[in-house]
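First subunit A sits with subunit B, and in the next complex the same chain sits with subunit C.
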Partner chain A sequence: MSRPRTRAEYLARLVPPSVAGLNRRSLLAGAAGTTALLGTGLLAGCGSDSGGSDAKTVSLGSNQSDPKPKEVVAKVVDGFQTSSGLQVAVNTVDHNTFQENINNYLQGRPDDVFMWFAGYRMRFFAARGLAGDLSDVWGRLSGMSDAFRKASTGDDGKQYFVPSSYYPWAVFYRKSVWQQNGYQEPKTLDDLTALAGEMKKDGLTPIAFADKDGWPAMGTFDILNLRINGYQFHIDLMAGKESWTSDKVKKVFDTWRGLLPLHQPDSLGRTWQEAAQSLQQKKSGMYLLGLFVGQQFDGDDLADLDFFTFPEIDPAIGAKALDAPIDGYMMARKPKQEANARKLLEYVGSKAAADITVKNDPSTLVANGEADTSGYSALQRKAAEVVGSATEIAQFLDRDTRPDFASTVIIPALQQFIKDPKDIDGLTSSIENQKKSIFTD
Partner chain B sequence: MSDLPLIRADRAAPPPAAATPTGGRRRRVRLLSGTDRVVVTLMVLVPLLLVVALVWLPAGATVLLSGTDWDGIGPISDIEWVGGRNYADVVQNYPPFVPAVQNNLLWLAALFVVATPFGMFLAVLLDKELRGTRFYQTALYLPVVLSLALIGFVWQLLYSRDQGLLNAVLGTNVDWYGDPGVNIWAVLVAAGWRHVGYVMLLYLAGLKGVDPSLREAAAVDGASEGRTFFKVIFPVLRPINIIVLVVTVIESLRAFDLVWVINKGRNGLELLSALVTQNVVGEASRIGFGSALATIMLVVSLLFITVYLATVLREGRR
Partner chain C sequence: MRTATVPREAGTAPASRRRPPLRPARVVLHVFLAAVAIGWLFPILWAVLTSLRSYEYTATNGYVSLGGWTLDNYVTAWRTAEFGKHFLNSVYITVPAVLLTLFLASCVAFVIARFSWKTNIVLLGLFTAANLLPQQALLIPLFRLFTRVPLPAFMSDSEVLYDSYWGLILVNVAFQCGFCVFVLSNYMKALPRDLYEAAMVDGASVWRQYWQVTLPLCRPALAALATLEVTWIYNEFFWATVLMRTGDKFPVTSSLNNLRGEFFTDNNLVSAGSVLVAVPTLVIFFLLQRQFVRGLTLGASKG
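Let's turn to the complex of A and B:
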């Protein structure tokens, strides 16, 4: 699930697509999705009636339905049209609708190029033959780090994804509050606990916390797991290869249990916006969230925002890995205009496209390392540095594992843990049993 | 059914003179002209096809899919049959299932015991032609008309722990939506708020249709107001009572929108319908498992519908 970028987008998401003012195109797309569901088998054969190979068009399925990101996509597309002389038909679908219909969309008649995220789901589509191999495009891309290449690679070692932007998860705080109270960025878990104790004495809630929507607590689980057990264990656990009843997982929950009293209480009824506002109003000392937390801060408050990466827990593991979900583009399995699609994918991964994004959207970080980032704010620059120096980049729990496991098992389990942190054994064995019933193949 | 022809005599085909008195059945068919027969056939066939295509086929497909582990991807030939495993998983291995059943029952009880009688009570009051009846009527019915997104939003403003009206006014710190012991009651208040308006309108319509001479007769006989209602009006309104009862049962079985808007049916707000949606709709695509949940819901609904139909048919036969 991608995080809402603006408050307006968050509010828009409260409205189910059935009531929201759908535009005609998304309605048609929904109808097409339904048709695809009814006749998947029939439609599968219809995708090959492509026009001539000399056609000057290519279609792009975009999930960037909000005004600001939509405008940025339009500018990037303009850049591509000017430089290549090709015409791009952008088909924008509401962000949530796009994500919920992705199965039907990919099996029906997807656009030649479509937007998606790096992670398990991307690899899953690649393994099921629903996405095109982009290794040749990667051969021509420059400015992409190895970490991004790794994140774009499928299970078969080929690349299926072109990253465009990303944002890190870190612990955010207000510089003014910290200066006033003389707080130092903690380097170890003990430092963090000691700091939280001081904050309590100063009348602050040490760590803002919200989990009404179910996903924010995944960030806490992820970072503790990455610090205690390392990146590889995180990946294996998410892939269903490691047991949830192992001592390693129990240690994560146990550590979390120790930290819970430092978190804002009653988190299950609170949205991340409300938690972010408690940080903004100087009622909380710090908040572990994605860079999008800045959406709740304006002007001077935004300049006052700073962050540190979650401190080290095990010196043998270090504190260099982090969650930094990557957004980007993929190619349909049988694009109508394959050559043009590859050209478009090469362009969206290029420095030129990244430069356009930096100029027009101050809330994301671009993936291409050669991009001109002089337009970044101090916060963006620091975020980019932190991710650049990360040894491993995880994609966030719900992007690193099966979506059914994340949404129907992990969300209720983590909420159960927050409600009743005592019964770790019962909780982990319940997760493990459910995992076995889901990871069957 | 009487033997009277259903159509005007001048449009009916003339009955053949040689018709035997025992061929009653054949005679009745011949009473219909060719056009009539086509119309009748169409009137039966079109709804039948619609019902089969839109109700029975999907329901049958749901039952079939509940025996598979389909994830929504790939041709139908790839679907693997797993028998009753999904059902075993639902009951033994799915923590939200038991709370969901409990919450559905609680929902039914709350609507039946509190909201429905209260709606009826309001209808009786409004039937007294108080001053401003129309205003009260509109105000009470408004929640039924409002879009669900708006309702979710309105109650979020009231119930929010840190910024909500309720905690600000009461000076409390109750986590209305987050505390699993509290949030189901908070939502039931919101659901009841809607349901009261609905029942009120249904019942008011029924009360308006009661023959005033019944009340007069009761008054002449010296019956008190309450006695008139319970001994005369309530029994006369039997058809409306059944409709209200069925509406209450259906509303509590398909309760969904409010909890979905609040937190997608998690953390104390589990409902069967929300669990089905979590599993089937969206990216999760646990279609086999979700279908098993949907089938359980279907069976429970069928139980209620069978009881209802049996009652209605018995009434009709009397």
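Let's turn to the complex of A and C:
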């Protein structure tokens, strides 16, 4: 198996259709065979044994392998250990491997509590019975907004997810550059086009853009779709319920085509880091990306960074919805230490855990609304306000739809569009045809 | 090659007896060989070069530049990916797996080579055919199996084969046996039959014929295989990723992923990590180069 190189490839492995179907088959086989007897009998025995002997522990599967977030997780876990007297065994696996292996992981022997993403990715595993119902934990959580509750709810109306942090997608720019040239934050699409025209005159690339890895362009598609067709259409389109050949989708591509000349050219050979650097080096005027764009900025440059939400396109829809992917925690379907797992989940969703995160990680926003956010930078505070005032929060294209659809259909399609934006009809009908072969159940 | 061409050319160009004239074909050959050599070496040299430079420098000046020399990447890579621990994990997996593979394979090869049973060909065919099976195709059945085979707690804290060193050793042994049986049986077939007749006359049991007659004679073959197997099992990445779930138990190849960030990957750091991970294989290769080459041709021709 070749090592995946792009985020798209990890996603492609996330849920092979063969595995999704295999569950049923293997259950049947297991019922007929002796393996089931062996497996369930012995394992059940083991489970109850260890349950009795070390009731003071709980295990946590963490995908936060970057040094900074890893440290933050360790501090949150420390906080839980002191307040509850329980021992947490943290199993850190690097972010990408964790994501590729999630199917194996959940069907094998997952940790009691594990980190995952809100949105379709969460609902997918909840619907397959691979995650534990957390409605009771939600009953005890305070400080979580309704938007977060909605994002944590599975198809059956129960909660399966405890959000911990999130980051919004917005249009970032350097305050100094804008002040120097007297630019104003655009309120409508026309403002944006006019502004971009000015930037061109001033020798700047108006909109930095990169799509080498395939996923950054999804952000552009998402925000245009949210502005033109609204949140519900986005969700339905991602769920395979709406047609990609509809005029609504065509209008998104058409608008995008109009904006493409304002974007940095040759984007398919550029990584988002390089695009972010063009913003940092004051060669580009603005850049639509997640808050993590700040990772490419240090010290003074970071303080110089500001953003606005993508301007309104249709006054009837407004400009209040945005992409803000949420990360958080879930519980395995049959945790060894269920009571302890619930305690841990309640803690990670609490104000105490959020306070620890705010204090230690400047690059993320915490989900709990009661958290003491005085430690936020100006950028974080503004981001939190924007998300707080958002009417709807989408999770980002690849988190809101089937992983195989996002990676095998959407990524090539968007890259094709960027390469040759003329043939929208052909493009959308090709997506629609492929969609039909993927959304079969 | 030279001995073959010299007599033919002797009549026409006696002066070039020592050095044949520079013919176009020869030039093409050398250009081709040089190009291939560079093609093979380029990725490795590029990785080494990249690993020695700071990310800040390459980010501003691009990779096609010189400067920003530093050794920090190696220090950081070693520390963030916790290579010390993971190298040890690789040892836990590789050493037993290689020893077990060689022992089991030599047993099978001995039987196939020394006894003429009707099942011999079938058995050899079975072991060789298993080599051709794509390992990935077996992932799901193996995974299911491994999550259901219990192990006592003192053998693995996971209490099943899944997520245990035992499981990985087993998988590696199973997949490597086929090749070793093939090579060893061909080698053993080439051993003189008289030796065994003499041994039998002296009253040596089958075990003794295997342990004290065959194995010592197979030492070159075993050495060659051991070298190859160490590199292969050490380099194994796939099973170590899918059959393990505890980050701390990953062997060094899988732990290389620790150097990739969620949104951001420092290619220079990953290069440094890759170079570190490749060092043991390179050391083994250069130390035991002769065995390596012999290992690749062993069994290629039936003695």
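Assume the second predicted complex is superposed on the first by the 389 of 441 C-alpha atoms of A that agree within 3 Å, B and C clash if a C-alpha of one lies under 4 Å from a C-alpha of the other, contacts with A are read in each partner's own complex, and residues count from 1 in each chain.
Everything below uses one rule, namely that a contact is a pair of C-beta atoms (placed from the backbone, for glycine too) under 8 Å apart; a residue touches a chain by one contact, two chains touch by 3 or more.
Bear in mind the structure is a predicted one, so any value in this text is a computation, not a measurement.
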Open item on the list: Contact-wise, after the overlay, does A:Asp404 reach subunit B, subunit C, both or neither (first, second, both, neither)?
Closed with: first
- [ ] Could you say whether A:Tyr105 touches subunit B, subunit C, both of them, or neither, answering first, second, both or neither?
- [x] second
Task: Which of subunit B and subunit C A:Asp66 touches, first, second, both or neither - done: second
Open item on the list: In the overlaid three-chain picture, which partner chain does A:Ala378 touch, first (subunit B) or second (subunit C), both, or neither?
Closed with: neither
Task: Which of subunit B and subunit C A:Gln416 touches, first, second, both or neither - done: first
- [ ] State whether A:His95 touches subunit B only (first), subunit C only (second), both chains, or neither.
- [x] second
TODO: Please write out, lowest number first, the residues of subunit A touched by both subunit B and subunit C across the two complexes.
DONE: 19, 100, 104, 107, 277
Task: Partner subunit A, residues of subunit C touching it in the complex - done: 59-60, 80, 136, 140, 143-145, 147-148, 150, 158-160, 162-163, 237-238, 241-242, 245-248, 250, 254-255, 257-258, 260-264
Task: List of subunit A residues in touch with subunit B within their complex - done: 14-16, 19-20, 37, 40-41, 44, 99-100, 102-104, 107, 121, 128, 130, 212-214, 266-270, 274, 277-278, 403-404, 407-408, 411-413, 415-416, 419, 430, 433-434, 437-438, 440
- [ ] Enumerate the contact residues on subunit B facing subunit A in the complex.
- [x] 69, 71-76, 85, 89, 93-96, 147-149, 152-153, 159-163, 173, 175-180, 183, 260-261, 263-264, 266-267, 278-279, 281-286, 289
Open item on the list: Taking the touch rule as given, give the residues of subunit A at its contact with subunit C in the complex, in rising order.
Closed with: 1, 3, 18-19, 22, 26, 35, 38-39, 42-43, 46, 50, 61, 65-67, 69, 91-97, 100-101, 104-105, 107-110, 272-273, 277, 290, 292, 295-296
